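These are the structures in question, set out in turn.
Two complexes, one shared chain (subunit A), two partners (subunit B, subunit C).
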Partner chain A sequence: MKQLTQLIILIGAMFFAGLSSAAEPIKIGAVAPKTGPLAGGAAITQWPNIQLWAHQINARGGLKMSDGSKRPVEIIEYDDRTNPAETIKAVQRLATKDKADFIVAPYGTGLNLASAPIFAKYGYPHIAVSAITDKTGELTKRYPSMFFTLGTTTAFASSVVDILKAMRDAGEINNRVAMVNVADAFGIELADSARPIFKAAGFELVFDKSYPLGTQDLSPIIKGAKAASPTSFVAWSYPPDTFALTELAKIENLDVKAFYTAVATCFPAYAGKFGASIEGNLGAGGVNPDAPELQDYYKSHKEVTGKDADYWAGPVTYASLQVLEQAIEGVGNTDRAAVTQYIKDNSFKTVMGDWKFNNQVIDQYWTVGQWQGGKFYGVGSTGKAGQKKAVIKKGW
Partner chain B sequence: MRFSDYCSLTLVIGLFILAALLPLIPDSDYLMSLALPIAMYTVLATSWALFSGPTHYISLATGAFYGVGAYVVGTGIEFIPYPVLLLIAGFSGIVLAGLVGIATLRLSGVYFVIFTLGLAELIRQLVTWIQNNFTGSRGLYVLTDITENYIYWQLIALTALVFLVGWLIKRSRLGFALRIIGNDELVAGHCGINSAGCKVILFMVSGCFAAVVGAVMAPRFTYIEPSMAFSPELSFQVVIMALLGGVHRLWGPLVGVIPFTLLWEVIASSFPTQTVLLLGVSFLLIVYFIPDGVVGRLEDLVKSMRLARPGSNRG
Partner chain C sequence: MEVLTNGFLLGATYALLAMGLTLQYGVARIMNLANGEMLVAGAFAAFWAFTANQISPFYAVLFVVPLAFIFNWLVYRYLLTPLVRRAKSQGQLEVDTILATFGMSFALVGIMLMLFGGEFFTYSYLAEPFEIFGSPYGLNRVVACLASVFICGLLFWAIYTTRIGMAMRALTSNPDAASLVAIDVPRMSALAFSLGGAVSAVGGIMLSTFLTLDASIGVVFTMKALIIVIMGGVGDIRGAIIAAMVLGIAETLVASLIDPGLTLAAAYLLFILVLLFKPEGLFGRKAI
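Moving on, here comes the complex of A and B:
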């Protein structure tokens, strides 16, 4: 009898132990701007996708571990105020004090690169999304747990040139291109790599100017570009100037057949602000919004976060979280070294299609998108399926 | 030197050795993430107070010098050995401070404050313009093998140096002249002190340290953006920390930097969504309750303790 009681107590204890370990959440750290210059972009691309991902995992009971139990995820958020020193501090805090099991990559090229040594030091897989650089080779060699998903600077520049080349060969535009760029890190890098590519393709840069970050009045830029009578307008721009340049081009009636603005052209707010007049506008990024997995994604994004997702880095951010999710479940525990190795060795089903990292880099990605019938379709990529053909813009 | 001087010297050296040993403690990573900004701001705030303490000129140019230092490393790291870059950065800081000082330090008070605030923005636009038109993407990436610990040790060494320089200046003719200038510039002029010259020299010392700190910190960020390197926030934080500590003692800024960094960390980690709001509130409270800085409070405390013990001070 005594033995039976002991056995019952033992089984009970095991049951409760099992329960408590099943309920113990996996801690996921997240550092991104909630204030500062990049807060606006992060509020569209980064935070809602983390929210959606955590919601969906917890709604299905959690991540499946190898012992059959399910562990929910708990998100620990920090604001880095768009300051790399704060990003470094917050990632370090997550790693050492909060003992986070995994950390979502920060937002922005500078903030990702600043925190990369910390991710590497503690062996966290660092699946960077909003980080576009030509140095992926050097960086992945230096940081063996760092992954890149969004593309390289040169690919973004050369894709735009390719699209214009195809239009010129079809006789839709001529050689005259007006190019402008925001004089800040990413804008300078893009303009710098675009210039020789345009030249090699036989284009003439009839207008090539830059403007400082945070310029309030861009009308001299648009007026100057207009006076040079180009048939294509390319702006390596940031969110505020993407909106300002588009608005001014509309007011000045900049009559070009191809109008390209870089970051934020893919934001739902862009279509919300300009309506049907942006039909045919080209921009950085793009997706194939007709793919069934993306249609599901857009629907649940709206339901869970109350906002529309963007047509580029937002879904890629979600896809990067899906990679983390599938890798943790594939390994069956929270061993970070094993999860990192799993990401290197396996392919993943994501909302952006099938992903397989090649030397820690996704090398099939969207580069140019175009607003066609109220959706931002990918028209340029490095080998993505479902690519549409770019069309010329027919006035504002 | 008197016996008590030797005691305090030993104490200071001991503290520096302890600070330098911090990274060697196992599991000190979280501590290190606080110690590194403390060391950085100690150098910046102390070197700021070297100039602004005695002269009462509020300089908001720290960000400009820091950014120049960071860009020197960013531009040269591929061709020039790192230690040489530190020297170049310090030299650039001296030259820049000299030029700015000669142009503005004859002006008094508020004109100087406004000019220094504009300086960081001016240099930032200049650097961006150069990058945009000549160097392209070069100067953006600082990929080195310099780890956090090395950056920390460099900052500790800089702290020691800034304290040494401050101590030497205070004991020199220059320090004496500066105290007179701070009390009454007109009197100083009548005594035959070249007040503009003295101020320029001190401004150059302060600018040199800020530029070297920028150069030391550059490898930590890997990717140098103008908006980050020339952040006006840095200039303001240095001023706030130095004033919180107190500027009329060499160790004053240090006792401002430590509580400020810890407070910042507590707020950032406990209230991640209201960080900026709560920081603003704590600024208000600090200014309201500790107007003379921590040093002032400590001195009051020491004074009242002496008074409370009758007979201890008077015969």
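Moving on, here comes the complex of A and C:
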């Protein structure tokens, strides 16, 4: 008899336990490189932020629905091997086979643009982060559920020129600029848009060369740039070349007052590799790391993922997920059309400050950052608060 | 002079990454498309030695060489031996091993991704100027170049003066005839394959001091090694060394004098020229 009672209690307990966790998870698809050329960047900027976001939502019980219930999120990950065809296939699969409720935007300009039609076809909001292009106007018109958050090519190029101009006007540098770029869509587009801007600002490009993606020895580039005796060095570079160019500039003692490398300058690994010698180095992106919401973000990023977040697209990726989170909770269900409309109509509190999409585009963003005292501060932006003044580099 | 020195440094680096594949393809007749992954694994060991244990990445050689040797021996013994046995001809073996090692490269990338994560691994070691003829070069590159010269020299000595080396050369020129003169072909092949893997891993250690790598970058090095091995003539380490030097110097010349954007084009142009005018490679013999 006693055993029977115990059994009944046990069954009853299991039943109620089952009930309370019955909330079905919201399925969130994620497609980004885990292998291939962009995998290294995605491993810092994309994947840990998705992990952090999901962890935090589930830790507080899930997303609040309009009926008062809470639904946790479940992440379904796919590796697209940095191959646009794979990105498209994976997004398609998430939409039709996995029946994902929402899909996180892919990583990289090309992969975002390639998959945009599929996002649009199935009506998924597509909040692109790691996608920098001048065609945002055209693309948002064609795809009404596509959003851009990181900025445009021209803004990135002209911001660098503006900073150099301010230094020149202060008499700190002269007109001589050495510019190099990686021969890939990203580097070519930036170099092409920077060239006329430099010229219009009265700068002279004393060295202007490109190098193929994956070049194993960049010393001819640095030696060539050094021979042209510039006071500023600008490289529209990708992570491996950002590291290599910086190391070689240090070895060759490329004595410039402004040293700019694009992607990965904001990575913690950059500071980890070069230590104090990168003081004054300029790079793409930047944040205001002293903002309280960002300090919380960096702390929990480290705690949850075990690694440090970067100082640019990482927090923006997290902010884009916050937008999705607040929009789903604002609507109170997983109706994708309603969530998309909610994103267009409302403003959001994110780790990157208050966000309001203007024609599906965030038009206040960081463009140039600089290592100052061990942190990568935003020194150029399109109207962000907390911007620091860029200083000249005083040797290696 | 500066250009030539730089080209020599780059050429030595290329020789380092092609040497392993030369042994594996030339002697063991395995076109190992997972060769680059071995290199990345070696590089990661160096990274780990340096960042987690604060010791010189070169100490990694001490455990990387035996581990890589054993791992490659196991791969040869259990994965590739069945293919070698059932292959009726040289051509069939090549096709089979290309497919098998291509698959293996994916598996290795996956395993490394799991073990190391997908991030870039990069660190600074000996990143200081070293003057040669009055102009500065990265000390890490110079050291890698010296290591390359040492390893190439060692292999050269082993292959051209020792008994095992002679057996390996016999195997390269004609595996069937080699077995007739009491050379243990399977064992010799396994030895060459494992040695090749170990050399690639050491190459990875050297490269990691000045290149930024990640778990899936191996294929880039496999491609470069493939070009060098084929240009040099299959199975001839002299050919591979000379091809690596030619490639390194040509790329640096083009980058310094014409345009850095054309280095890849120059490399492939050279490759095509060699294939057109000397299809068996610089030092290769016509197939028997």
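Operating definition for what follows: the second predicted complex is superposed on the first by the 374 of 396 C-alpha atoms of A that agree within 3 Å, B and C clash if a C-alpha of one lies under 4 Å from a C-alpha of the other, contacts with A are read in each partner's own complex, and residues count from 1 in each chain.
In this text, a residue touches a chain if its C-beta (ideal position, glycine included) is under 8 Å from a C-beta of that chain, and two chains touch if they have at least 3 such contacts.
The shown structure was predicted, so the numbers you read here are calculated from the model rather than taken from an experiment.
Colleague: Just to be sure I read the superposition right, which of the two partners does A:210 touch: subunit B = first, subunit C = second, or both, or neither?
Modeller: both
Colleague: Please indicate which partner A:77 is in contact with in the superposed arrangement: first for subunit B, second for subunit C, both, or neither.
Modeller: Touch partner of A:77: subunit B, not subunit C.
Colleague: Which partner does A:332 reach: the first (subunit B), the second (subunit C), both, or neither?
Modeller: Neither: A:332 stays clear of subunit B and subunit C.
Colleague: What is the contact status of A:93 with respect to subunit B (first) and subunit C (second): first, second, both, or neither?
Modeller: The first partner, subunit B, only.
Colleague: In the overlaid three-chain picture, which partner chain does A:248 touch, first (subunit B) or second (subunit C), both, or neither?
Modeller: A:248 sits against subunit C, while subunit B stays out of touch.
Colleague: Of the two partner chains, subunit B (first) and subunit C (second), which one does A:35 touch, if any: first, second, both, or neither?
Modeller: In the superposed model, A:35 contacts both subunit B and subunit C.
Colleague: After the superposition on A, what does A:123 contact: first (subunit B), second (subunit C), both or neither?
Modeller: In the superposition, A:123 touches no partner, neither subunit B nor subunit C.
Colleague: After the superposition on A, what does A:85 contact: first (subunit B), second (subunit C), both or neither?
Modeller: So A:85 only meets subunit B here.
Colleague: Going by the contact rule set out at the top, does A:25 touch subunit B (first), subunit C (second), both, or neither?
Modeller: A:25: touches no partner chain.
Colleague: Taking the two structures together, which residues of subunit A meet both subunit B and subunit C?
Modeller: The answer is residues 34-35, 37, 183, 210, 212 of subunit A.
Colleague: For the complex, which residues does subunit B have touching subunit A?
Modeller: It is residues 27, 29-30, 32-33, 37, 125, 128-129, 131-132, 136-137, 140-141, 143, 147-148, 220-223, 225-228, 231, 233, 265, 268-269, 272-273, 275-276 of subunit B that touch subunit A.
Colleague: Would you tell me which residues of subunit A are touching subunit B in their complex?
Modeller: 34-35, 37, 77-79, 81, 83-86, 88-90, 92-93, 95-97, 109-110, 113-114, 116-117, 133-135, 138-139, 142, 153, 181, 183-185, 188-189, 191-193, 210, 212-213
Colleague: Within the complex, which stretch of subunit C touches subunit A?
Modeller: Touching subunit A from subunit C are residues 2-3, 6, 9-10, 13, 109, 113, 117-120, 122-124, 127-129, 135-138, 141, 210-217, 220, 224, 248, 251-252, 255-256, 259-261, 263-264.
Colleague: Contact residues on subunit A for subunit C in the complex?
Modeller: 33-37, 39-40, 42-44, 47, 180, 183, 209-212, 214-221, 223-224, 239-240, 243-244, 247-248, 250-253, 264, 267, 269, 272-275, 307
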